[in-house]
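Okay, so subunit A shows up in both of these, paired with subunit B first and subunit C after.
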Partner chain A sequence: MVLKKELMNKKQNNHAWREKLTNILAQFANYLLILIIALVIGALVMYLSGRDPISAYGALWEGAFGNGYRFADTLDRSTIMILAGIAGSIAFRTNIINLGLEGQLYIGAFTAAWVGFTFTNLPSIVHIPLCIIAGILGGALWTLPVLYLKLRWKIPELVPTLMLNYIAIRLTDYLIAFPFRDPTAPMAGSPLVAASARLPKLIKGSTINIGFIIAIVLIFISYWFIFKTKVGYEMRMVGLNQDFAAAAGLPVKKSIILAMLMSGGIIGLGGALMILGFFGRFLGGFSSGYGWDGFMIAIVAQNHPFAVFPAALFFGALANGALTMQSVTGVPQAVVAMVKGTLVLFVTVKIFLENIRKGLKKWVM
Partner chain B sequence: MVEALSVKNITKTFPGVVANDNVSLSIEKGTIRAIVGENGAGKTTLMNIIYGLYHPDSGQIFIDRQEVTFLSPRDAIAKGIGMVHQHFKLVPSYTLAQNIALGVEPRKGILINETALNNNVQEIAQKYGFNINEKEVTANVSVGEQQRAEILKALYRGVEILVLDEPTAVLTDIETKELFVMLRNLVKQGITILFISHKLREVVEISDDISVMRAGKLVGTVKRSATNERQLAEMMVGRETIGGRIRKQSQKGQLVMDIKDLSVCDNRDLKAVNNVSLDLYCGEIVGGAGVDGNGQEEFVEALLGLRDISTGKIRIDGQEVQDLSTRKIRESGVAYIPSDRYRSGVAIDASIWENMVPGEYYVKPYSNGLSLVMPEIIQMSDNLIKKFNVSTPGIEIKTGNLSGGNIQRVIAARELGLEKAKVVIASQPTRGIDIAGTEAIRQMLVDYANRGAAVLVISADLDEILALSDRIVVFYEGLVIDAGYYDKDIRQRVGWLMTSGKDHGVEEGTHEQKAK
Partner chain C sequence: MGNVDLRSILTIALFASALRMATPIIFATMGGIFSSHTGIFNVGLEGMMLIGSFFAVYGSVQTGSAYGGLLYAIIACLVVSLLFAVLHLELKANPIIVGLALNIFAVGMTNYLLTALLEVYGVYKTDLIVGFNELEIPLINQIPILGKLISGHFPLVYFSFVSVYIVYLILYKTPFGFHLRAVGEKIDAAESIGVNTKKMKYYGLLVSGLFCAFGGTFLSLSYLTLFSEEMTAGRGWLALAAINFGRMRPVPSLMACLVFGFADALAVRLQQFGLPSQVVLMLPYIMTVIVLFISAIIAERRKKSSLKKGEEDVEFSPS
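Then we have the complex of A and B:
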């Protein structure tokens, strides 16, 4: 009797496991198809405008993965994409539409840079963590006005987060133009951070540094956090159905606050890593829309940390490869933006179609 | 008799429900016909069929003895049928005249002729004796005047049969009186009126004939002069001996939850619960009857700490809880089965186990302080879905894939399964679920009361209340009126309280004097 029960349990588990696997495979095939469609549409546009798509994509590939150094540079570029994607995912999981990643990135980058160039006689082991903490705090605290408006006055976060982007960018522009201006900088920028605050490189000849390792570790931590912890459970339930969460007694406000702070903090960390690892100083307009990339990556990855990695790598490769593509074949970088846009569009349509199918099923039942 | 409108053998089914079952009606021209019945009796469905919003599965509609088929309200309006919905469909920033003539404005070239528009509206208002300031912006006028505009909107389109869906629900007493005077005027000019309501006092005051519906069927039609409110109430709630009562005997114990002078506002900041006191005792099932929208939702949400209260105290075992968080209130022993299971009962995109643990995930042994202890959670969820017969291939399945009845079992399992609750608040616990599921959920509530918990069942379904309750209270316009313990006369008492808020002994016969 007991044996039979155990056997049944095993069967059930087996069944669930197999279902999970087929699900993952189906998803993978789906994404592959969407990716191909996006690339084909990009190729079509190139072809119609008289360019050779094959050589363009060839150059793109060459630029992104052509040799070990380029591959390492692509990984370095995907560091910020990973962090931005996770920052977006955590907010979206809690049903917070954080459109302010870009602004939080600037603030986090600046606060990290400030700690980096203000303190000059600290050992690296202290200085780097301090800068990173400053970056996290900068990004996180920049969301406080939004939280206040949302929780006190029930103002949706959509517009305030968006508007704070402009304030953040202009504010940092001001800070490096006046109080913290470095006249020796090639472009408008802050002073260089102290050598003790620079992130150690992983390979000579590439920009890749320990920031990449931090990003990879963060993927695993955020997976564990979202799916395995108490607080992650609360945040997911609040995101899936806030009325349910409230009625069940979950701490809705706490979840919203935490998710917003974490989202801002993680993208702030990304800003810190870029400054300490790549630029060495805060530069005006240093981000080429990484916050928005994070938004798209989170959508493509459907807010799953493990899926963020391939999506971020792809976005990183497009960003790095596009430079080579433009200089070698003359096909403008804008083609890459189009491929990204098409990808996001098709993924959203896929999610949309799934929802419709679900809705129909319920309606028919 | 000149017949204005008739329907023959109308049947309309929705998935799982027969909303109209072979309904036939004939309405005389120039009269007011009231259609009364409890919520879900099929009144509104019938009106929507007459107005062309729904298409009947079978049956015919005749206007002036000609058979008609409506594909949309446009067809119905073309044949002279207009409807005023309970919730007005007016553009707030337009003037009343602009709203009244919306879509059929007099034109001057490609522009709207505002002067002619205002004149036309004024003319028609005068013709039917409506007092209206047609140039005023809609957002600035009273609800009563907006309703007049809605009626004029129909009349402007040459409507001769007017359907009013609970027209008095939004009006003050004075506005109601004014409306009735206007309706009388309309009838004198040959307009035929269908009037849906469940307020019997008003129905008896204004109608010529009254048709009663119950559970999708037409119970009968009576002349106003030949009936009274009591008879109508009996027709509405039915007189059949109460079958399916599953509550056998209560063992009333000590007081668990006492609610004193509770007042709560709704989302528009209007008082929805007015100075309500209610005591819940161990082992007793209290049924909260009443038509939806009489303060039930706000009352329940206040008990759970989901809605701020204006005044009053709520005590559990003598401890005041009205200022505590929902979690603290639940920890002090309150289980909650919400009325809308999809909105606040479960997260349909979460797995079953995730919907099982919101009350436990943060304490030992289900959590070690930081992370979830999955083996414990899985074991608990597995045990509960077996105990409560949730039919599912596993607890990793998305909850939204289950049927409504099974989702309700998931909720019941979560709320009752660990037997922590001392008070169970169940709001519409079986709404929209199949018979087997309904019986199972009701039995769970009875069993739970037998184990010594206080149970409050709130339901618009009177049969459900009568099947379960030891004691019944009625929600009526924000009040909670005691209808007493279960006995053989309770159905009529409750039915009466539900529709008029008064005990029938007081009110009986008085409408005759009022009419004079």
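Then we have the complex of A and C:
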């Protein structure tokens, strides 16, 4: 009798394990399929416009991973992608569609730069954290108008967050054109941040700096926060079903405020790291759509911090590789934006995954 | 900056250009209204309009006619909105994400084609692009002030205002419009009276694509005859705010479009008075947030007053 029960337990465990395996395999196959679709569409567009897709993708790969330095540069580029992806994920987890990442990035970058060039006689150990805190605060506080409109007046965040992007970009353009203009800057830009605010580099010959390590650490922190803390649990529940969460007595307002502030703060941190680590000053239009990359990475990663890393690396590789592709083969780098767009379009398609899962069940079960 | 006289800013020309600036927003709004009534909040208007702008210019060069450009834009936008519809309705993708991805895809696609097809970066402007001509309306252009305001616009400006009335007629005076609205309001009820709800959603999305083609064509073939990267500059999003303000009704939404058009025109005008362009160009976007804010206040007031009256069903049909 006991033996039989144990056997049944074992059988059930076995079953659950197989179910899990099927799911993981199905997810993997689904991503592979979507990736192939996206790359094929990119290739098709290149082919139809008279370019050679194979040499273009070859140059892209070479540019992203061709040698150690290029790989390091790709990792550096993925720093901002990771932070943007996590910023997007945290908002989406709470069912907030934060389309304002781009604007929050600009404001965070500017406030960090301001602290960087205004204070000049601080030791690095004080100056860098101060700049970073300024960046986080800048990005977070820029979401306050949206929070007010959403919580007090029930205006969905979709349009206001987007409008604040345009406002933020023009506001920072104004700031570097008039009050904080540096006439010696090569493009419209703020003065250089003090040397004490620059992030230490990790390798000579590459732009990679300690910002990358900060981003990696943040992946683990955000995983712990979302899945292992009470506040993170509340936020996830609010995201799954707000009415249900409210009925269960969970703090809906607090979760929404926290998610929005964290989302803005993290992308603001990303802005700070870009200025302190890469550019050295605030430059007008410095972001080539990193906020939007973050939005796409979060969707591709299905809001899981650990999945953000490979997605961010992929996006970073596309960004860096595209530059080489354009200069070597003459294929416009805009083609990668189409690849990314296609990727996002198909990630949300549920039918592939269902069919793959059905097919796999026959094999695994 | 100090000696800006209000009378020298608020000229007839300013109001005339407000009508012009409102035109693309009106088209996008009317398109968005159609899909909103079937229950799909189309956030891809921006991207569709951008694709329309590009293909209008491309078609104009290919065919040597502005109307040829319009035709190209319509075909391109219908193809893209069909793609949207298939992804959402057949492959069950989330419409908000499809719309947003479409916007990103549209920027990438138009930038790519700009370089790959037309071999320029950033802006495409040649004499080969044939734009629309202004339309002088006989008799009306003789009237002193009104003539300046109403006559001498591009044909699509007039058509955008006419389209508001057409949309109103279709939505509220035809059985088709009744069925379409039923899909968004009470989908079960619509199904029970034999409406093919999926077909209606297809129509909603395709019509919004059609309108975006008009909006996009206006942007690139009327006042300006060129295509530049991301030239829609958020107008698709202003349209969403206008739909929200008008609660999906054509005429009230038109009012919001006119406010946005005025803000746009004012921004251009104020630049000529030496105000920093970066600051005044924020105006349309700030105005959008304000319009949303006002519509939320109105909605709350309405709710309160109807509660006082003791009406039970507050959220009734938006018609």
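Just so it is clear, the second predicted complex is superposed on the first by the 328 of 365 C-alpha atoms of A that agree within 3 Å, B and C clash if a C-alpha of one lies under 4 Å from a C-alpha of the other, contacts with A are read in each partner's own complex, and residues count from 1 in each chain.
Operating definition for what follows: a contact is a pair of C-beta atoms (placed from the backbone, for glycine too) under 8 Å apart; a residue touches a chain by one contact, two chains touch by 3 or more.
All figures in this text were calculated on a predicted structure; none of them were measured in a lab.
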Query raised in the report: Which partner, once the models are overlaid, touches more of subunit A's residues, subunit C or subunit B?
Result: C
Query raised in the report: If you stack the two complexes on chain A, which partner ends up touching A:Gly66: first (subunit B), second (subunit C), both, or neither?
Result: neither
Query raised in the report: Thinking of the overlay built on chain A, is A:Tyr233 touched by subunit B (first), by subunit C (second), by both, or by neither?
Result: first
**Report entry** subunit B versus subunit C as contact partner of A:Ile351, first or second or both or neither
**Finding:** second
**Report entry** Which of subunit B and subunit C A:Val336 touches, first, second, both or neither
**Finding:** second
Query raised in the report: Is A:Gly58 contacted by the first partner subunit B, the second partner subunit C, both or neither?
Result: neither
**Report entry** Contacts of A:Gly249 with subunit B and subunit C, given as first, second, both or neither
**Finding:** first
Report task. State the interface residues of subunit A toward subunit B in the complex, per the touch definition above. Result -> 12-13, 15-16, 20, 224, 228-230, 233, 236-237, 240-241, 243-251, 358, 362, 365
**Report entry** subunit A to subunit C touching residues, read off their complex
**Finding:** 45-46, 49-51, 97, 99, 145, 149, 153-155, 158-160, 162-164, 166-167, 170-171, 173-174, 177-178, 292, 295-296, 299, 331-332, 334-338, 340-342, 344-346, 348-351
**Report entry** Complex contacts: residues of subunit C adjacent to subunit A
**Finding:** 43, 87, 91-94, 96-98, 100-102, 104-109, 111-117, 233-234, 237, 240-241, 244, 276, 278-279, 281-282, 285-286, 288-289, 292-293, 296-297, 300
Report task. Enumerate the contact residues on subunit B facing subunit A in the complex. Result -> 15, 304, 306, 325-327, 329-331, 336, 338, 343-350, 354-355, 357-359, 361-362, 367, 370-372, 374, 393-394, 396, 400, 403
